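For reference, chains read A, B, C and D in written order, and residue numbers begin at 1 within each chain.
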Amino acid sequence: MGTAYAPVLDLAAGAVLVCAVLTLWRRDVRAIVTMLALQGVALAAVAGVLASHQRDAGLAVTAALVLAVKGFVVPGLLRRVVRADPGSRETAPLVNVPASLVFASALIVLSYVVSAKVIAVSPSAASRLVPIGIATVLVGYFMLVTRRRAVSQIVGLLLVDNGIALVTFLLTAGVPLIVELGAALDVLLVVVVLQVLVVHIRDQIGTSELDQLRELRD
Amino acid sequence: MLCYAALAVPFLAGVLAAARPWHPRTGWMMAVAAGLVLALGIALSASTAGGVAITALHGAIRVDALSAFMVVVIGAVALLAALQTSRVMSYEIASSVTTPRLARQYAVLFQVFVTCMLAAVLAANLGVLWVAVEATTIATTFLVSHRRTDRSLEASWKYVVLCSVGIALAFLGTVLVYFAAIHAGGHGAHHHAATLDWTSLMAVSHRLDPGVMRLAMALLILGYGTKVGLAPMHSWLPDAHSQAPAPISALMSGVLLTVAFYALLRFKAVADGALGPAFPRAMFVVVGIGSLLVAASLLIAQRDYKRMLAYSSVEHMGLLALGAAAGSTLAIAAVLLHILGHGITKSVLFLSSGEIDHAEGTTEIAKVTSLLARRPALGGVFGVGLLSLLGLPPFALFASEFNMARAEVDAGLWWVVAVSLGCLAVIFGAFALHARQLLLGDGVADPVAAPRSVIAPLVVALAACAAIGVVAWPLQHLLTAAAHVVAP
Amino acid sequence: MSLLLVALGLCAIASLLGALLPAPARVTSSSVLVLAASCCAAASSVSALRGAHVTSVHSTALLPLTGMTMTLDPLGAVFVAITAMVAAAVSIYNLGYVTGALGSRSASCLLPVFVLSLLAVPVAASVATLMFFWELMAMSSMLLIAVEHRHRAEARDATLWYGTMTQLGAGSILLGLLVLTIHGGGQSFASIAAHAGALPRVARSTAFLLVLLGFASKAGAVPLHAWLPKAHPEAPTPVSALMSGAMVATGVYGILRVGGDLLGGGTLWWWVAVAAIGVVSALFGALHATASSDLKGLLAYSTIDVVGLVLVGVGAAGALSVTGRRGAAELTMVAALLLLVAHAAFKGALFLGAGAVDRAAGTRDLNLLGGLARRLPVTSGLFALATLTIVAVPTLAGFSGEWLLLQGLLHGFGGTSTPTLITLLIGVVALALSGGLTAVAFVKAFGIGFLGQARSAGASRAVEVPRAMQLATGLLCVPCVLLGVAPGLIVPWLSRAANEGLHLRARRPVAEGTSLVLSRFQGAFEPLLVLAALAAALAAIWIVTSLAARRGRRRVAAWGCGREAQTPRMQYTATSFGEPLQRVFVDVLRPDVDLEVTHETESKYYEQALAYENRVEDAVERSVYRPVIAGFRRYGDAVRGLQNGSIHRYLAFGFIALLVVLVVLA
Amino acid sequence: MIAVATSPIAYRVAASLLQVAVVLVLGPLLLGLMSKTRARAEGRRGAPVVQPLRDLRKLMGKERLRSEHTSLVFVVAPFVVLATTVVAIAIAPLITTHPALGTSADVLVVVFLLLTASVALALAGLDAGTAFGGMGSSRSMTIGALAEPALLVAVIALSVQASTSNLPDIVAGTLAHPAWSSSPTRLLALVALMIVVIAETGRLPIDNPDTHLELTMIHEAMILEYSGPDLALVTLGAAARLGLLFALVANLFFPWGIGSQGSYLGLALGVAALVAKMCLIAVGVAVMEVHTAKVRLFRVPELLAGGFVLAVLAVVTGLVTR
């Protein structure tokens, strides 16, 4: 698939970013989680394409791992949270949706500018796509800053993580396996921890609106 | 052998704690484990002070003077924290703040936490270092929310989210370093596990691509800086420190922050090789001054004595950053001395403030007064701790702060020294103001004696802090040896 | 030098004993050890002053990353001697004084530490060593001020003020000294002195200004004095004596060491600035002393006054030596040092006496004292002697100092540059004015406090204090007399210190035998002769009168314009005594006076009661410090909003930081 | 500068003793002379000139009454007042430029000896524990606090001109350079010094020596409790102080006729000259007093401040014209 390599890679990487932007667009938390799952699959696809192109077994394993964790396990966990919290919509984000989308595009531009230096080191079909990863990170961070729901914050966190993973694949075809495993495990655990916390908070304080958490202040 | 032990001891202690339901004995067992870690750390320092590095586990573990020193710090603070654990758990169970089940969970997580920090400082691979630091976040989440109160849950949520996103940036930075290293290594895009190892990174550091390294260093400082508690990523710190049980606050403020700073020191050495000192120095100066300003500003009208201590941690991390900015061997040695002194002092303060909280039932400064008259021992320890924290002789922080200032002036950063001295003066005033409210004044009731088992370790710790502040032997040798690892 | 190290060791042991031993033993043992230490220190300083070659010790085992360096030279020796003198007296005093708070474990542990640091500061020979002991001194004195915190809110405030201001000062000193090390090979004074010449003028001036700020505030110079009138009165008496006698002197020492020694004289305007500060302090202190009605507060302000005069001398000496008039410079420098030593003696004695009064009568408020002269004969006698000394009665120590200072200023006038002339001129003026005001203040202190009738029950029931306290006060009165009657014995040592301190190399003797004889200028003062003449005159007058008087003496009621009883309330109080001067200087003192009259119910022309209050607040504190503090408090409240608990805001901080970094790097 | 020729010690001691005697006798007589002059100027006959001496003799015969609150200070003060004044007289070159203490003490010592006297008296005033004593002490110290500086600066001005503070040298210098006497420094210093002298000796317009109206008394209120020999000593001290200050003014500014060779004939000449000069000054002051009323206590500082400024100006001109 030598000829198809580049376009497929572009397609998959593009999909990652599109999912990220869509999460900003949609308000229904369920839909957001779905977007996250799709993004996980796309990410796995990128890894797979690179693996097949570079004949890299380790990367293939990573791809499978990513598909498992980010495509199914994590979204599954999140769905459980959502199910436990009926009618949870991102009612009023701190920055409304159109503004968010405009801002997101600005972030994407910024990420292109930033990653120029990185691409310059080794221009290749893969590294050209680094801006997409950076953009995903920034969009995720933006989501963290602007979304009120606990779940959508978790999603934002995961967007950041996926973005970084994408950069990793594109630049260095994955970090050493031990680190990769550790990172994946950490992500998983963080999600678990956060999920448990959400449950606790809901039992204790009776809300998943993060604005209610304003007890601790100077 | 020693380094295996250093990792195994706390881990096994954790397994033991998990195996059996909570009992005060568990606390003492944890203390013994921490004591062993301290002893191992001292042994490691002694054997690495010559400049040699011990490697183990096929090079996955690498102990040089710097790591060994950090092991000492972790051991010392963990010992102090563990010594209070059984008492804290006992009265929390007694007052049904917590349950034996949660106490057991606490003990296990405590050990996991310590193990992760040890892993972070012993790891040869900077990627693994990242994994370990991120793991500490996970381990401490439920320690912060141990009390299951609204406030503690809120604190732990903020803690996890802020730190995870921050540390994620650090991972991105690490990846970029890795990328630069691969392309500096000469062997194309073929990566192998050892590329992120400290030794191999240092070997190629001068060939790393400046553009990438600049971006990477910025991300690393932002990322690990979040964990260190440097402004403007410090916001989680006062919440988490004020809500966690006292021993955990001690561990977090005393070592967790500085373990993350240890990571920054390592990466700074790499970046210095690639970029020269100018860029990292600029970054460190910015965050350092920022932290000092934030701490000074928010301490003036502080109303909660635990948050007061937390902000002082922000201040001291800022001082560390400025010391790192100077970057000379003297500076780094002073930074390490500061790490040790701050670890001991701050844990003493958090532990005694926990006692005060337990005794007075509030953490509001306005509601606590004339402790020296009413609880002489406790108030005395807290007061002396404050003196040490404010960098007054004969305590270690005086020596470290003085030498950091010296090094900064040598590095041409005298205006930085001017600004930081100004902030320190304001902070002194703020602390004096709050200390007057907390400590001074006339006691209404007759003095209440705190249990000797609580006070004695804290007094010993403060004495040790004073001793290392006055006597150079043998610490100075270790400090310079450790400083040489990351400073030319 | 070795003796001095022994002294430091003894102090350390004393503080350990003070911390460990039980209640009665700890005070005795630590006091005795401190006494021994101060004897050792005195011996070593005397040997250094008599020309033993300068010795220096360096230890790498102490102070991590820097090591500790100490050098005992004549300049330092003067200040070691001052501390030793006061500390000896204080430790004797303690044996009698210690009651309640000062006997506490912490206090008896800290007092030796305070003495130790006071002894060590003048011999510290590296930045690290100096700062270490300087901060140790600051900390120990701060905690000692707080000793009475349980019962006195003023003590708590004083601790806060003193701690913060002294910390600011220390910071500025540290910065200044570090600026000096920029080109210097290292942080030892030797290398700084060696490389100081290479520094650019700006750096040297900046360094000196920074250091001056710090040391001047420790010396209590206006406008950096705000802590002093709060701290000195609130501290327990032995601590007040040490602070006022010895600690304030370390500020002067610092200015001399850095400006005169390390920077080798520097430039003219430095010293003009020093003299200017001195003039302001002298007048401000003297004026407030006349207005104060708290005995210890009066002494504190008079400390500001005397230190101001010393700074005038130092500044004039510096200016003269810069403009090459070494002879006059030496004269003024010696005068300043002599005044400082004398001040340590008489101010120490006065504080110890005030403490005795406080203990005997239970109050320090002059308006409640009186009639102590006959109830506490010894204390009153000693206090009177110290009072006459500070008023500069000839043949007492204070006069020797002021006489030399005036001679120095007078003989400095010969053909120097205009700034110097102006400096000398305002010096003379300040000396003259503060002299007159000091006389008023201390006539008030002794006349109202000790003479007349007792104004309160406490004063009327006062009984003489323990022997140890009288002995200590008397010990400090010895130098007051000795330096006045035979200044010639001490002055050669001081002039050696002056020559070393300012690198004058003038070496023109100022003394012959016991008297002051200016070898280079026309002028001499032979106290012994004058004293003899006074004695002869007194004797003659006494003989004549007792021969001429033809009838005996009788005690009668004081004449009250035909009114029978003279109640104590009819006497002039301290406030009323100072009131005329207060009117004269109303624009400076700005007293807030309120008089409230309650009229008879029948007619408003008949008063039932009069309530008169007259408070004099420190003008500088009111117009400078309070607004600044208020500003900080407002700022602190304002920025609290930064951490409003919203996680989104916290995340935004990080996000903005990230974006900024990316934009900057892009 | 002119170094004073050393002369036999016997001569110098004799000279000093003679000075003391002259001033002690002349002081009271001057008081008498002044009140006589005033009386005549006001068209009264007035008391004889020797009246003050008679009063002293009478007082010596009276009983010593002391209020029950007084302490040692009250007893010692009169002796201190007179003794310090006497020593000051012995230091100053009044009839010769070679007084016994002339080379071993200078004008500063004289100034501070006078200060000592006033301090002693003020303390004595407070010792009785009465309202009037306190009032007198407070007022006299307030005035002294402003007069002493002016005095000090004025004599410094003279010292600057002679570049020594040694009195005989200043006087000898004036003899050697008659131009000094007419220099602006001297004139300014003279006026300043006269104001101070008026204040220090408690004459009009600052204090009225003849009043015993409580509210206006200053010096008299201070010594209200004294009686008999003590009062005599205090009064004599005040008179001697007046004599000394007049004599100093006379010799510092018009030193003509003072014995400078060290011959006993010179002494006699000096005495004569001194008496003449002092009487002139006394009459002058008295005449001036006739034409002035006492100023309010709180206007006095303005007067003294004026004197102080003049003294400072004297120093400045001295520096400029030197």
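One rule holds for everything that comes next: a residue touches a chain if its C-beta (ideal position, glycine included) is under 8 Å from a C-beta of that chain, and two chains touch if they have at least 3 such contacts.
Quick caveat: nothing in here was measured; it's all calculated off a predicted structure.
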item: Farthest chain relative to subunit D (centres taken as mean CA coordinates); value: A
item: Chain pair with the most C-beta contacts; value: C-D
item: Distance from subunit C to subunit A - Cα centre to Cα centre, in angstrom; value: 69
item: Separation of subunit A from subunit D, taking each centre as the mean of its C-alpha atoms, in whole Å; value: 100
item: Averaged-CA centre spacing for the pair subunit D and subunit C, given as whole angstrom; value: 35
item: Where subunit A and subunit B are represented by their mean Cα positions, the distance between them in whole Å; value: 31
item: Residues of subunit A touching at least two other chains; value: 114, 117, 141, 144, 210, 213, 215-216, 218
item: Contacts with 2+ other chains: residues of subunit D; value: none
item: Shared interface positions of subunit B, touching two or more other chains; value: 157-158, 161, 165, 169, 214-215, 238, 298, 301
item: Chains that touch, pairwise; value: A-B, A-C, B-C, C-D
item: Interface residues, subunit B side, partner subunit A - complex; value: 60, 125, 127-128, 130-131, 134-135, 137-138, 141-142, 145, 148-151, 153-158, 160-161, 164-165, 168-169, 171-172, 174-176, 178-180, 182-183, 189, 191-193, 195-196, 209, 211-212, 214-215, 238-239, 242-243, 298, 301-303, 307
item: Footprint of subunit A on subunit C - complex, ascending; value: 640, 642-648, 651-652, 654-655, 658-659, 662-663, 665-666
item: Partner subunit C, residues of subunit A touching it in the complex; value: 94, 110, 113-114, 116-117, 138, 141-142, 144-146, 148, 210-211, 213-218
item: Subunit D - residues contacting subunit C, complex; value: 1, 3, 60-69, 71-73, 79-80, 82-84, 86-87, 90-91, 101, 103-106, 108-109, 112-113, 115-116, 118-119, 122-123, 125-131, 133-135, 137-139, 141-142, 144-150, 152-153, 156, 159-160, 163-166, 169, 214, 224-225, 228-229, 232-233, 297-298, 301, 312, 315-316, 319
item: Footprint of subunit B on subunit A - complex, ascending; value: 54, 114, 117-118, 120-122, 124, 137, 141, 144, 150, 153, 156-157, 160-161, 164, 167-168, 171-179, 182-183, 185-186, 189-190, 193-194, 196-197, 200-201, 204-205, 210, 213, 215-216, 218
